[in-house]
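What follows is a pair of complexes built around chain A, which joins chain B in one and chain C in the other.
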Partner chain A sequence: MNSQIAAILTIDGIASGAIYVLIAIGFVLIFAVTRIIFVPFGDVTAFTALTLASLEGKQLPGTIGMVAVLAALATLMEIFGLWRADELKRIPRALFFYLVLPLAPAAVIWLTSGTLLPAAARIVLTVAVILPIAPLLNRIVYRPIADSTVLVLLIVSVALHFALSGLGLLFFGPEGVRTESLIDYTAIIAGTPVSGQAMLIVASAIFFSFLLYLFFNYTLYGKALYATSINRTGARLMGIRPQQSGTIAFLVGSLMAAASGILIAPVNTIFYDSGFIIGLKAFVGAIIGGMVSFPVTAIGSAFVGILESFAAFLSSQFKEVIVFSVLIPVLLWRSYTLVHAEEEDDE
Partner chain B sequence: MSPRTVTTVGALATLALLTAPLFLAPFTVTLLNYIGVYSFVALGLVLLTGTAGMVSFGQASFMGVAAYATAWTTSVMGYSPWLGLLLALVATCTVAAILGAVTLRLGGHFLSLSTIAWGLALYFSFGNIPGLGAHDGISKVPAVSIFGHELVESGQIFYLIWGMLLLAMLLIRNLLDSRVGRALRALRGGNALVESFGVNAMQIRLATFVVAALLTAISGWLYAHLNRFVSPTPFDVTASIIFLMMAMIGGSGYLLGAVVGATLITLLKNYIQDLLPLIAPGASGQLEIVVFATLFIVFLQHARNGIIPFIAQWIPEPVRGRPEQAGPLPRQAKPATGTKLMSIDAINRRFGGLVAVNDVSFDVHAGEILALIGPNGAGKTTMFNMITGALPPSGGRVTFAEKNITGARAFRIADAGVARTFQHAKLRPKMTLLDNVLLGAYGRTKAGFFSGALRLDRAEERRARHEAMKQLDRVGLGDRPYELAGNLPLGNQRLLEIARALAADPILLVLDEPAAGLRRQEKLALADLLRTLRQEGQTILLVEHDMDFVMGLVNRIVVMDFGCKLCEGTPETVRADTRVQEAYLGGVA
Partner chain C sequence: MALLSIEDVCVSYGKAEAVRHVSLKVERGQIVTVIGPNGAGKTSLLTTAIGMIPSTGVIKCDGQDITRLDTESRVEMGFCLVPERRELFAEMSVHDNLRLGAYSRRDGKAAIQQSMDEVFARFPRLKERLSQHAGTLSGGERQMLALGRALMAKPKLLMLDEPSLGLAPLITREIFRIIASLRELGVSILLIEQNARAALETADFGYVMEVGEIVHSGPAATLIDDPRLISTYLGGGAD
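Entry: the complex of A and B
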């Protein structure tokens, strides 16, 4: 390996690392606010890529069916809950938030199917149709057991991932997709070619991280979320509703996942089940950040990306083995540096 | 159901199992074989997850390590399957010990997530090592032979699988009922408690992790020689979550739950595989996992306890007599009354800029009751935590029985002869009173994993039970030793904690606000108990808020305020001290 190859690998690694940054930040955000380790996060990324590819191919994306099923389930659960609590007056509101709002983007896609929309419209529609998935899953799967221990929530998350990837095959089929490049531009920096796509990915990661920073520091919802992540009970006593902050966390997290899906679609071939591995690599980054620190998470994710790129060069077969094995020394280091409160469960 | 019905049902079930191959179709026997194989993994998870509270998503990969080890030994190298078993056990044990040593320190969800990562790493390795057949796997794995008889037919290996399974269940049952097993059951809910009576929690966790992996290794070995073919697919993360589902649906704290869960899931899987192609031809493989995952989520939402606890409510509690008379456990040498037992020398503790304890020194003499008092925020609890090893001091020195114990880990200090209680009573609510007190005797007994599983510990166990019963009687809780600790009211919970501490035969008994939350009568009874203990030569250090309780009871008092020692002396001198009055009342009236 000469320095030229090393430079190319590093740039490649930073680009895929930037994608992991987006997912990892979403992981940390959702975990901090809801204590849910949202394993299916990577699936959301993969579904975004698949949806975008369907729109490019003038096909009806499977996402529509998936959102419709989830929205119907969530609406039924919500109406049943309101009926039992004898609050029938709130049913129209529930219908709007759980049925109309999630299905609106799906309806637009359905109506415009067969025509090739401009690239920007495709991206906006893809993000809009993907956004409701995670909050709806939160309503259906997690809210009934919101007070369980982190471990029970984690087991549910892993099970949910398998349910989703199975559904992914059903709705999207087994073919892998790769979308058109967003930018056809290659710069030569210090003798090394840097693709416009890579630059776009890194720029987006920085942009979204900055957006999140603004959200946390300058908006009331952001501050409420931040408060919840630091002290759940305290936030609740201050009148911050945990259900609402949970939904917002899932929405913001989904935005990050959707962005990463849009960005990864032109660089990697994505299959219905690619999300798990992508999500886990981002998770390695999140663990480096101790699941709490956003900046360290970003550095950790970039490190995972670079490592992956070098590992792929050295031995493409053992790429995944190398990346996941690195988690072990990282954990060892973390176990000595991380002071984590012992979770006292009541058996 | 009467106890007799239960015995009859058990006997009939065993008989039915033994004769099953004689009248069942070979296909059903094969199904039973797989149920037995999967039960081993579920059994390991019952131990790991249900009992010790560690969730692993990597069990299938351990099963894979064992299956590949034996397939390689027999099919590739041509040695006997029994050598394969040995290699399978050694390989799995080594991998588990290394992974456990690295990841178990983390605990909680970090541990579980890392199991996914190394589970995947192992899975990808199986599929990429050419010597192991890469993605094609290893075929032509020979059958196991016993005394020259090859167990080729499903009705033959059936007896090997179920015989080994019943043996494993028996050993695990024994283990859970032993000294180490009690510590293992107490792990759930945090390390602070188990370390306070001398258990090295990390060591027990690691050993449990390896035992669970060994059970999984046996499963992998049997799987390889039952299936006669090994490939990476059955050992992916999907398989791991199905195993977890087996253990949890059966009832994750119950050994029988492993078999019930494995049976149910295997039958269900079989049924779904028959049904799905009719409903959705083409997509059935993936729909299967969707169905399982959905069922698992619904189960976790609505019926998390599982099947066995649901049935168990109709099964009568076995009638257990009081523990029989037995000889005493070894006792520690106690220093002569009046000699210096513990000395605290200029100890201090800072939390960032805050000085919680500032150069405090005092001595505890053998045979006295010494109280540490002070208003809220005086630093009493910090002091207490430094003495018992829950918190390392920033400076200073603690000497106990002429040993320097400054900054030692909690279980080391417990080993040296300090037993403690907790401000918020820490008990294991689902264990009996007797088991809770037996935990205290951990440091005075020796039986390990092997002697526990093989029942070589019975003589020592009888002595320990007798001792525990004695301590229960002493604090006045001896009438119902098999009651669950969670059913006790607060006052009795504190007494139970004291009984547990006494079972350790401590040189120094340290009590953290023992009278807090007690009613007046209970306080008087507690004071009487402590007086009796002092008469027997027991040294006691107590941290307390309640002045009335302290004044009539203790020999000497150390008063703290704002992290410093204010004064020290008999109750009378302390009461007369104007600085103390000022600290408590905000000024001298």
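Entry: the complex of A and C
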């Protein structure tokens, strides 16, 4: 390996690392606020890529059916809950948030099906139709068991991943897709070619991380979310609903997962089940950050990307083995050096 | 009509009954205290009043049955609990803690800023520590922040669980002076204390709780001279 190859591998690694950064930060965000390790998060990324590909092929994406079913289920559960709590006056609000809002982008896609929209419109619609999936899953699957232990929530997450993966096969079929390149440009920096796509990916990761920073530090909802993550009881006593914080966390996380899906679709072939392995690698990054620190998570994810890129060059059969083997020393290091955060005691 | 009325409320953890058929009332503008030894069920009573643990019986606010409302809805109605453990946001600044105290208010930035200025007037120490993390404050400052954060919500009913717990006597006196001064804001207070003498000196009305039941009640000025209470709770010359 000479220095030029090393440079190319590093750039490639940083680009895929940036994808993992987007997903890993979503992992940490959702875990901090809800204590849920949202395993199907990678699936959201894959479904985004598949949806965008369907729109490019002027087909009706399977996502629409999925969102419709989830929205209907969530609405039924919400109405039943409000009826039992004797708060019927909140039903119109629930209908708006659980039925009208999630179905609006799906309706637009359905109405415009058959026509090829401009690329920007396709991306916006894809993100809009993907966004409600995770918050709806949160409402349907996690909210009824919100007070369970982290372990129970994790087991449910794994089950949910398999269910989603199956639905993915049903809605999108077994074929892999790759979308049009977002940017056709290659710069030569110090004799090394850097693709515009790679630059776009890294810029997006930085942009979304900065956005999240602004959200947490300068908005009331961001602060409320942070408050929920450090002290649930205290937050409830301020009138901050953990359910609402959870929904916002899932929405913001989904936005990042969707962005990563849009960005990865032109460079990797994505299948209905590609999400799991992408999510798992991002998860390694999140573990490096201890599931609490956003900056360390970002560094860890970039490291995973670079490691993967070098591993693929040195021995492509052992690529995954090398990446996941990193987890063991990292876990050892973390368990020796970190003061363990006590699991939140229940009053 | 009473601001808070608790009627025949029972709280149990599994088979253990922590609160048994308790009824009490807090009138508008009143300071009411519940005193009693450790494990009498005082904290359980407050926790169920804010809706954090389920109970049987009826809890009313201004005559409206709120027994089935969740904690957040009760906070929106003007209930506010400062729990024994304060439950501050340790990794957030004093300013952000106070700002989140006003989370359920919908009356605009100017009004919230005004409340914050009022809190600073009452607790000048908090203004000095504005950008410091809540977790780095001293015990007394934390209690001040917890009270300040509660006042940011402009509550109708402030429920205080052992506000003097773990504080030095001098600071305890300061805290009780502040609690008494809240009367002028028109806020009603339900105060739970082991420091019975200080509590009864501050309050208008008192209840005495023992093993989950209310065993005495009456105007605070009467209770403080009640020989039965003096021997049990007030004997050692507390404070």
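Structural remarks
By our rule, the second predicted complex is superposed on the first by the 340 of 347 C-alpha atoms of A that agree within 3 Å, B and C clash if a C-alpha of one lies under 4 Å from a C-alpha of the other, contacts with A are read in each partner's own complex, and residues count from 1 in each chain.
Basically, contacts are C-beta pairs under 8 Å (C-beta built on N, C-alpha and C of every residue); 3 or more make two chains touch, one makes a residue touch a chain.
Keep in mind it's a predicted model, so treat the numbers as computed, not measured.
Aligning the two structures on chain A places chain B and chain C side by side, free of any clash.
By the document's definition of touching, of the two partners only chain C reaches A:L237; chain B does not. Applying the stated contact rule after C-alpha superposition, one finds that A:A121 touches neither chain B nor chain C. After overlaying the two complexes on the shared chain, residue contacts for A:V100 are found with neither chain B nor chain C. Of the two partner chains, neither chain B nor chain C is touched by A:I189. Looking at the shared chain after the overlay, A:G166 reaches chain B, while chain C stays out of its contact range. Once the two complexes are laid over each other on the shared chain, residue contacts for A:F324 go to chain B alone; chain C is not touched. The wider contact with chain A, measured as residues touched, comes from B rather than the other of chain B and chain C.
One geometric descriptor of the composite model is the angle centred on chain A: between the Cα centres of chain B and chain C it reads 60 degrees, in steps of 10.
In the superposed model, A:L220 lies in contact with chain C only, and not with chain B.
In the superposed model, A:L314 lies in contact with neither chain B nor chain C. Contacts of A:I206 after superposition: neither chain B nor chain C is touched. Between chain B and chain C in the chain A overlay, the least Cα distance found is 5 Å. Comparing which residues of chain A touch chain B with which touch chain C, the overlap comprises 347. Partner chain B is touched in their complex by these residues of chain A: 37, 141, 144-145, 150-152, 154-156, 158-163, 165-167, 169-170, 276-277, 280, 283-284, 287, 291, 317-318, 320-321, 324-325, 327-329, 331-332, 334-335, 338, 340, 342-347. By the touch criterion stated above, chain A contacts chain C in their complex at residues 85-86, 220, 223-224, 226-227, 230-231, 233-241, 347. On the chain B side of its complex with chain A, the touching residues are 53, 55, 57, 99, 102-103, 105-110, 112-114, 116-118, 120-121, 124-125, 128, 188-192, 237-238, 241, 244-245, 248, 283, 286-290, 292-294, 296-297, 300-301, 304, 428-430. By the touch criterion stated above, chain C contacts chain A in their complex at residues 47, 50, 52, 68, 70-72, 75-76, 80-81, 83, 87-92, 96, 99-101, 103-104, 149, 153.
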